[in-house]
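Order of writing sets the chain letters: A, B, C, D, E and F. Residues in each chain are counted from 1.
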Amino acid sequence: MTESSYPISRFTPPELSSLPEDIRAQIETVQEKSGFVPNVFLVLARRPDEFRAFMAYHDALMEREGNLTKAEREMIVVATSSANQCQYCVIAHGAILRIRAKNPLIADQIATNYRKADITERQRAMLDFAMKVAQQAHQVGEEDFATLVSHGFDQEDIWDIAAIAGFFGMSNRIANVTNLRANDQFFTLGRD
Amino acid sequence: MTESSYPISRFTPPELSSLPEDIRAQIETVQEKSGFVPNVFLVLARRPDEFRAFMAYHDALMEREGNLTKAEREMIVVATSSANQCQYCVIAHGAILRIRAKNPLIADQIATNYRKADITERQRAMLDFAMKVAQQAHQVGEEDFATLVSHGFDQEDIWDIAAIAGFFGMSNRIANVTNLRANDQFFTLGRD
Amino acid sequence: MTESSYPISRFTPPELSSLPEDIRAQIETVQEKSGFVPNVFLVLARRPDEFRAFMAYHDALMEREGNLTKAEREMIVVATSSANQCQYCVIAHGAILRIRAKNPLIADQIATNYRKADITERQRAMLDFAMKVAQQAHQVGEEDFATLVSHGFDQEDIWDIAAIAGFFGMSNRIANVTNLRANDQFFTLGRD
Amino acid sequence: MTESSYPISRFTPPELSSLPEDIRAQIETVQEKSGFVPNVFLVLARRPDEFRAFMAYHDALMEREGNLTKAEREMIVVATSSANQCQYCVIAHGAILRIRAKNPLIADQIATNYRKADITERQRAMLDFAMKVAQQAHQVGEEDFATLVSHGFDQEDIWDIAAIAGFFGMSNRIANVTNLRANDQFFTLGRD
Amino acid sequence: MTESSYPISRFTPPELSSLPEDIRAQIETVQEKSGFVPNVFLVLARRPDEFRAFMAYHDALMEREGNLTKAEREMIVVATSSANQCQYCVIAHGAILRIRAKNPLIADQIATNYRKADITERQRAMLDFAMKVAQQAHQVGEEDFATLVSHGFDQEDIWDIAAIAGFFGMSNRIANVTNLRANDQFFTLGRD
Amino acid sequence: MTESSYPISRFTPPELSSLPEDIRAQIETVQEKSGFVPNVFLVLARRPDEFRAFMAYHDALMEREGNLTKAEREMIVVATSSANQCQYCVIAHGAILRIRAKNPLIADQIATNYRKADITERQRAMLDFAMKVAQQAHQVGEEDFATLVSHGFDQEDIWDIAAIAGFFGMSNRIANVTNLRANDQFFTLGRD
């Protein structure tokens, strides 16, 4: 499968050979594992310090041990990124969600209207809260915590939901400004 | 491929055998042509008069001769239905758009953020206007017509764009209230 | 009473003599009954197939037997059309509402703020739901159905409310884009 | 003509006989002049100091000499009060506008969508600005002043527009909270 | 302390010597009491009738006897003026609030997010209602009154809250349009 | 100066003695430099990996060499954090902005309405863009880049503005959910 001929961003990605050793290694690792390099790696690599902080933050939130499954963390990404109209994040993390959830339908359902998706009531409460964090965090209050607790979430889970919604809110904004293009591969991954 | 076990709507669809002859025939035709019956047919069939008017209106707008291609008409559907968070319409018409445009990427791009999609400037102007009709039709004025004319659209094209955005605005609302589920088949059609 | 000298739409209406027989007949019937031809008939007649589908859909929803009275159906039209800032629909259906409800005050009350109108609690619930369909249909859920059922509405009534709000949402958008002018007669009908 | 049996407000109006002399006199004057007492007088009279300040402010803005005609001042009231969904102000000042403009159509046109009303381009610019003051005053800037000047408005006119939109923004909020009912008479005044 | 060299408004203030006696006296009184003349006095003085009505209305609401303390009245001003992005009112009344509440933190807390401020639950309910009046007065209904009553507010208190939110909504709009500058002194008053 | 007796967050901060060495050292450094520990350090320290990524990201953006001054970077933080109603960030970074800009007025002006603040046209363009990133990043397009370039910003500056607005959008959301309290000291720093 060859890549589209469209530029991957309004910002030209750096030459791989010009990158610091640790970043080049990280990019080579993801390429070996996935078969391609997600464009976000290439564009963020223009700024090595931000690249390192971004990836460290991402992994701290998305690969953390905790009550939220990895698929649930991706649900949060897809729902909030869709509200923020971030093409890269919805399409790339939609693929990851399909794979993590072993469900070819879930990503498109959540991206268009999570309220109608094939999810549990607990997951619905999780996404309701994530969307409130993404859109009206200033109104979050005790009643939101009480609702989440009634669905079995504890304080650390709530921090996770909020931090993931917040982190991808940042990522969505950067992707929209840099016009970051989703790799062709993401559109079809996990659809079988 | 077997259907999901989820109900297709909050409203129970009628028995096919109970339907008026013309509606049953129309449903059998679409099944032969597509290999399955899109759920919108089954749910709308509860109301034969509305079914007939809906389908007649749909075809009058989507199969009309004119300067807009069939793929462009589907682009309008996908962009505005996504703004209205209509799961059925985004997923079903996303499939139709992929097929009509012979482009496996275009539907997901337009659904998440049409401003970043692989479309022409003329199509971008068309979708900007369709979104204004969907979201702020009360503010449409001469300057919108002038912009569209500068992109080569004539008065009949503008009517088409507005009527398609309006018609699917209705359809989106009915689908959201009836909780209409997109058939599993739509998720993968046209992705090769 | 002579008509205003303003054009009735940004789109020139067709000559009556050029229209298909069935459409001309329908227009003559409404003229006999009302004493004038509502401008929506003249402008939509530019597109015979859409005219027929529009009128069939309109009648299927507005003249249907059911628990909603004809006046209540018009209340839905006036409230949602006002939210969509559709001059034609608020003024024309405001007149029809005054006549159907035999109440000269109700249309202006509902158009400006239905929450303060002289309506029953059941009608208030009906309009709350119609407005949610018009403005946030993607958020409609089980709790909305439960509220409506508690006011005595059944599933068919809910379909009616949603479909009327949806249909006039389409109509409002087309009227706003075509700049459809309300006939002078509508402003005073039913005010005695 | 007898009054409706509905209460005129959530707040009971005071006995006329209990009012300070100057307020009672003012109410009697308006009754002689109009044939009825607009309900806003009765409800505001509960608070004599606020009544006096309100009426003085109102008259300073609405009866001021200047380039804006009295009808144009009422146009501002109707357009912004409709955006604020104030039933009393739209209906009462709609009547006054019909009378001042000697135009039975103008009030309903402006209330539903001033962009489609039978007004001049200068009046359209005036209402565009009034609506910006009502809804996004924090964004008003030099470019708004330049637009208004290009339509022939001077600094004093701009102050007038802004102050009228601001004053009725206050009035709209008080009327909505007190549930102030428009007198039956206002619905028909000036419609001939 | 010398004043900034920036103009105090887009509208030139009048010469003090040119002002009517009563207004000049009022300005001299405030100067003696505060040590400076708040810019709102100078700009409003361009229009003596409006100046008098404004000040009378202001004092009727802010110095009224009642269950709301003077500090609480200022809280309403600061919270709603911040929502309206009125620089003059947030900064000037923030200073007054700090003084009245004898609390150097409260004004900045309320201006940025009153939900997180060091206030009582009763004050939180008061501000929730004031914000609803400022932003969605058309939706105020019985349930809002019930909530306020449950926090110990009576009908007159509710009128006070609504009228203060309404009056400063007007003031905010005028200040934003006239580009009224907050005096340097207000930034530091009451911070010790 | 003693701290308020209010909790600094809904999430209890960890004991300093329990923290990893590097984080404790970082906290001690800031305490020595500032005379107090900003609460954000204490609350984020509950999650060492997130703490490290957050601080690294923060410093990469806020202490980067480039055309934006440090004061301008803080302006972006204050303007966007105010739009997000983040009490901690507006108050803490307002203090830093006053110090960096050596201007005791600028932070409150920008927090309430940056359009009326004492800033240059170039800074106004910078904040207009930062606010668009914070609120409508999905609509950012070529015309925004062109406007910024016309004010002398280059591509790296634009990345800086977007990334700062994005990063603090995340920070604002976390602070609002954790109910992070601004230290008393921030309210008065830099006001002389």
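What we mean here is this: contacts are C-beta pairs under 8 Å (C-beta built on N, C-alpha and C of every residue); 3 or more make two chains touch, one makes a residue touch a chain.
Please read these numbers as outputs of a predicted model, since none were measured by experiment.
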Inquiry  = Strictly by the touch rule at the top, which chains does subunit E share as contacts with subunit F?
reply    = A, D
Task = Compare the CA centroid of subunit D with every other chain's and tell me the farthest one.
result = A
Ask   = What chain lies farthest away from subunit F once each centre is taken as the mean of the Cα atoms?
value = C
Request  = Averaging only over C-alpha atoms, locate the centres of subunit A and subunit F and give their separation in whole Å.
outcome  = 23
Subunit A and subunit E, separation of their C-alpha mean positions in angstrom = 44
Geometric centre distance via CA averages, subunit B-subunit A, whole Å = 28
Task = Pull out every residue in subunit F that's touching 2 or more other chains.
result = 85-86, 113, 138, 176
Request  = So, with touch as defined above, which chain pairs make the list?
outcome  = A-B, A-C, A-E, A-F, B-C, B-D, B-F, C-D, C-E, D-E, D-F, E-F
Query = Touching subunit C in the complex: which residues of subunit A?
reply = 113, 115
Contact set on subunit B toward subunit A in their complex = 4, 6, 82, 85-87, 90-91, 94, 104-105, 108-109, 111-113, 116-118, 176, 179, 181-182, 184, 187-188, 191
Partner subunit B, residues of subunit C touching it in the complex = 10-11, 46-47, 49-50, 52-54, 56-57, 60-61, 84-86, 133-134, 137-138, 140, 145, 155, 158-159, 162-163, 165-167, 169-174, 176-178
Request  = Quick one: which bits of subunit A touch subunit E in the complex? Just the residue numbers, please.
outcome  = 138-139, 141
